[in-house]
Amino acid sequence: MTIGNIGRIAGRAALVAMAMLGSIALASAAEPIKIGMGMAQTGPLAGSGKSALLSMQIWVEDVNAKGGLLGRPVKLIYYDDQSSPANVPPIYTKLIDIDKVDLIVSGYATPIIAAAMPIAMQHNMVLMGLFGLADNARFHYDKYFQIAPIGENPSESSTKPIFDLAMTLNPKPKTVAVITPELEFGHAILTGVRKNAKELGLTVVYDRTFPPATTDLTTVVREVQASHPDIVVVGTQPGQTISAVRAISEVGLKAMMIGGAMTGLQTSPTEMLLGPQLNGFVNFNYWLPSPKMQFPGVMDFLGKYQARAEKAGVDPLGYYIGPWAYAQMQILGQAVEATKSLDGAKLGPYIHATTFKTVVGDVKFGPGGEWAKPRVLMAQFQHVTGNGIAQFKGSDKLVVVDPPEYKAGDMIYPFQDARK
Amino acid sequence: MNITFELLANSLLAGLLLGGFYAALSAGATIAFGLLEIVNIAHPTFAVIGAYAVYLLNRHLHLDPLLGGLVLTPIFYLIGTILYRVYHFAFERRSEDAMQGLAFFFGLMFIVEVGLIMIFGVDFRYVTTDYITTTWQIGELSVPLRLAVPFVGSLALLAVLEIGLKRSFTGRAIIAVAEDPLALRLMSASPVKIKRIAFGVAIATTAFVGALLVIIQPLQPASGREFIGRVFAICVLGGMGSISGTLIAAVFLGLVENMTSIFLGASWSPAVAFGFLLITLAVRPRGLLGR
Amino acid sequence: MRFHLLLILAAALVYGAARAIGLDYVFFAGYIVLQYVALATAWNILGGYTGYMNFGVSAFFALGAYTTVALDKAFGLPLPVMMLAGGIVSGLVGLGMGYLTMRLKGIFFAIATFALAVVAETFITNWDYVGGSSGAYIIRPVKGPLYGTYIEYLFLLMLVVVVVSLAIARWLERSRLGYGLAAIRDDEVAAEATGVPTLGLKLIATTISGALMGVAGAPLPFYITFFDPSAGFNLAYAINSIAMAMIGGTASWVGPLVGAVLLATVQQVATVTISSEINLLLVGGLLVLFVVLAPNGIVGLVQGRWRWRR
C-alpha cells in the first residue's frame, strides 16, 4: 500500500461520501412543498372554482420558474368538493393525513370555507379563505385570512356602497326592497340593508327571503313591484342571479336603482348569456381593468390566464376571481419565504403584521382575518349590445361609479332609462 | 307586503299556465301508472332527457324547441317500447309485485341523472327563441310567452291524448287492458302488445313535454326531481288514468302553489302540494275524480 | 347470546384494526360505511321483512340529525343522549307515518313516504331555530371525551349503532314478530284473514325502522360541522339504502350488511380516485342490474350456489 494508493482510495471514498451526502441533500431539497385544497370543479360553484384553480396553477408555475419556495418546488394537490360542504372535511382529512400536505387553502364560497375551518384549527394551520362572507365571525381563528376586500364588517361593506350611491340620487330615495335567498349569505345582506336603511331614514318595504332552489323569481319580483320601492337591493348567488335578472326583465320592474350584491354577474359566461338584459344593473366588483386598478403584475397574469382559459373551459376573462386567487397564493408564498417556515404558528402572526404587495394591490389584514380597509367597487352595466364577449373585455360597458377614488363614469338613473 | 289586484291576478294567471304544463308532464305518467300500473318514478327524468335533446337541436341547428320536441317524439316512442320489453321480461312475466319495478325505475333515474351530469355538466342550460323574453300586456295582466306558449302546447298534447284514447281502437284497447285483460284477449288483441304501445306513448310524450320544460325554466340534470312529487300528486288527485282529471288536478295544484307563495311565502309551497297528496291518500286513494 | 358475543367481538376487531392503522382518514371514511350499514339494515326491516318500500328514508335520517342540532343549541347535551333523542323523535314520526298510511299498500305507500319526506323538509327549512335554509354550524370538539380524536369517537358510536341494529334485525327475523311481518309481505290479505294483527305489526316495523334511521343520522352534524337541509334531506340516502339492501339481499339481516359494506366502500374509494358523480351511477347501475337479474341479492346468489352444489 503506497501513500499514493491510500490517498487515491481515500480521495475516491471522500468523493463517494460527498456524492451520497449531496444526493441526500438534493433529494430533500427536491422534496416538493405540497399545498392542498378542495375546490369545486362540479356543481353550482364550479364556474368560479375552475377559474380559481387555473389561477392558482399559474401561480405555481410562476413560482417554480423562479426556483420554488425555500428552494423547493411547489406542488398543488386538489380534490373536487362538488360544491357541497359535506365533502369538505373528508377531503381535508385525506390531504393532511394521507397526502401529507404542508399548507392548505380553502375552496370557494362561504359554506365551503366554514366546513374546512375546524380542521385547520385542529391542526393549527393557516387557512387562506377564498371569497367567504363572515366565516370567522363565530370561530375567531387567528390564522384565517380572507382575500376578498370585504373588510371586517361584511354585511355592512357588502351593502353600504349601494346606499352611498343611493344617497347621491336626486330625488333622494325613501323606500328600499330586498331580493335575497334564505341562506347565511342572504341573512348577512338583510342585516346590512336593515342597518343602512335605518341609519339613512329609508323604509324597508319588502324583505321576504326566497328558497335558495327557486329558479323562477317572477313571483318574488311581482311582489317587490307591488310594494313600489325606490331602490331594489338584490343579493344573490350565481344561479339565482341569472334568474333574478331574467325575472326583472320579464316583469319589467321599475325603480331608481337596482342591484348591489349579485354574485356571478362578474363572470363572462353569465355576461354573455344575459347581454342587454344587464343594462342598468349596478353591482359590486372587486377588480376591473379600470385605469386606476392596473396594479403591478395583474395584466401579465391575466394575459397568461386568458390564453389558457378557453381551452380549460373556464371563465374566459377571469376578472372576478382570477387575480384574487393568484394574490392569495402570493401572500402565502411571501410569508413562507419571509419566515423561512411552513409552521402555522410562525406564518399566522407574520401575515397579520405585514402589508403585502400583490397583483390586486397592497393587502393588509385586520385582526379578524379580513381586509383592514374594504375596497368594494360599484359598477353599472351601460350600453351593452348583443351577447358578444369582446365588449366586456375593456371597462367601458361596465362603468365604475363608486367609490370616488376609482370612479370612471356617472351612473344612469332611473333604472329603466339605462334599459333603452 | 302589499297584495295588490295586479299581483293577485298575475299570480293566478301564472299558476294556471304552469298548471297546464304540470298536466302535460303528468299525462304520460297517468297512462303508465293509472292504466298500466307501471310505476315509472323516472317519468320526469325522461322529460329532462327530452329537454336536453331539444336544447341540443336548438343550440346547434337553431330548431325551435316545439318543433324539436315533435321531431323527437317517434324516437322516444321507440325508446318507450324497448323499455317496456325489458320491464315486461324482468318483472311482469315473473309476476313480481310493483316494488321491484319501482326499484328498477329508481335506479334508472339515477343512471340517467348522472349520465347527464357527465355529459352536460351541472350548469343551467337555456334555449333561445324569439318569443321567450316577450311579455304581452293585457291591461293589468302580463302574459309572459315563456309560460303561455307551453300552456297552449300542453293543451294540444292533452287533447290529442284524450281523443286518441277515447276514439281510436288502440286507445280504447289501452283503457280496456287496465280494466279487463281477459276480455281484451277474447277480442283477439294481445294485452302485452297493447301495453307496449301504451308505454311507448307515455314515453313519447316526454319528448314534447321536455321542450315545454326548457322553455319555461333553465335546465340542469336534476331538474326532474322537483317534479316527481307533483306528478304523482296529480296522478292520484286526478284519478288514475283520466286525462281530464289530470288537467283539473294539475291546474288546481298550480294555483294553490302560487297562492301559498304569495300569502305564506314560497318556502311553504312544497308542503301544500304534498300535504294535499297525503290527505288524499289517507282519505280517498282513488283520487278526487277516480274511476 | 353466542351470536351477540360474536358480533361484539367482530366490532371490537374492526375498531382495533382502525386504531392500528392510526389515520384519521380511516375513521372518516369508515364512519360513512357504518352509517350506511345501519341505514340499510333499518330500511330492510320495513322493506325486506314486511314488504313495504320506504322512499322517505331521508326524513327519518335528517330528523335525527336535526334533533341533535336543536338539542345541541339548546342544552349542549352529550352526543349519546342526543342520539337516543333522535331515535325517539324519528321513531315517533315512524309511528305517525304508520298510522297515516295504514290503509295504503304497495306503490301508494311508497308515494306517501316520499310525500312525507318533502313535508318534513319543508317544516325544517321554515324553522329558523335550527337555521332554516341557511343551515347551522356545529363546533366539533378536537378531542373525543375518551382518548383519541373526536372523529374516532364518532366512529366508535356508529359502530355501536351498527351492532345494535344488526342484533335487532336478527332478533326480529327469528321472532314471532318476524314471522308475522313475513306473512304480511307474502300475502297481507291472507295474513289478516288468519288473524295476524297486521296493523299492530306494521306500526312496530315502521317505528323501529324509523327510530334506527334517526339514531344513524343523529351524529352527522358533528361529522360535517355545517348542517343544512340538503345535507340531510337528500334523495341519495333513499337510493343508497334501498340499493344496498336489495343488492345484498332483503331476506335476512346479512344482506344489508354485505350490500352496505361493499357499496359504501366502493363509493368512498371512487370519490377520491375517479370522480364523485360516479358514486350514484354505480349505485343506480348495480341496483338495476340486481333487480333485473338477481332479485334475491348477493346473499340469494350465494345461497343458491350452495344449494346447487349440494
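Letters are used for the chains, namely A, B and C, taken in the order the chains are written, and counting of residues starts over at 1 for each.
Keep this in mind: a contact is a pair of C-beta atoms (placed from the backbone, for glycine too) under 8 Å apart; a residue touches a chain by one contact, two chains touch by 3 or more.
Computed from a predicted model, the values in this text were never measured in an experiment.
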Which of A-B and B-C has more C-beta pairs touching across its chains
B-C
Could you find the chain whose CA centre sits the greatest distance from that of chain B?
A
How many angstrom between the C-alpha centroids of chain B and chain A?
41
Can you compute the centre-to-centre distance for chain B and chain C, using the mean CA position of each chain? Integer Å is fine.
32
In chain B, the residues touching two or more other chains are 117, 267
Junction residues of chain C, two or more chains touched:
125, 132-133, 277
Please list all residues of chain A that touch 2 or more other chains.
42, 182, 211
Chain B partner contacts - residues on chain C that touch it in the complex
51, 53, 100-101, 103-104, 106-108, 110-112, 114-116, 118-119, 121-123, 125-126, 132-133, 235, 238-239, 242-243, 246, 277-278, 280-281, 283-288, 291-292, 295
Can you list the residues on chain A that touch chain B in the complex?
42-44, 46-47, 182, 205-206, 208, 210-211, 213-216, 218-220, 222-223, 225-228, 239, 242-243, 246, 249-252, 273, 277
Please name which positions on chain C make contact with chain A in the complex.
23-25, 28-29, 32, 125, 132-135, 137, 139-140, 142, 149, 151, 223-226, 228, 230-231, 271-272, 275-277
Residues of chain B defined as touching chain C within the complex:
33, 39, 86, 90, 96-100, 102-104, 106-111, 113-115, 117-118, 225, 228-229, 232-233, 236, 267-268, 270-271, 273-275, 277-278, 281-282, 285
Touching chain A in the complex: which residues of chain B?
1-4, 6-7, 10-11, 14, 117, 121-124, 126, 133, 135, 142, 144, 146, 216-218, 226, 258, 261-262, 265-267
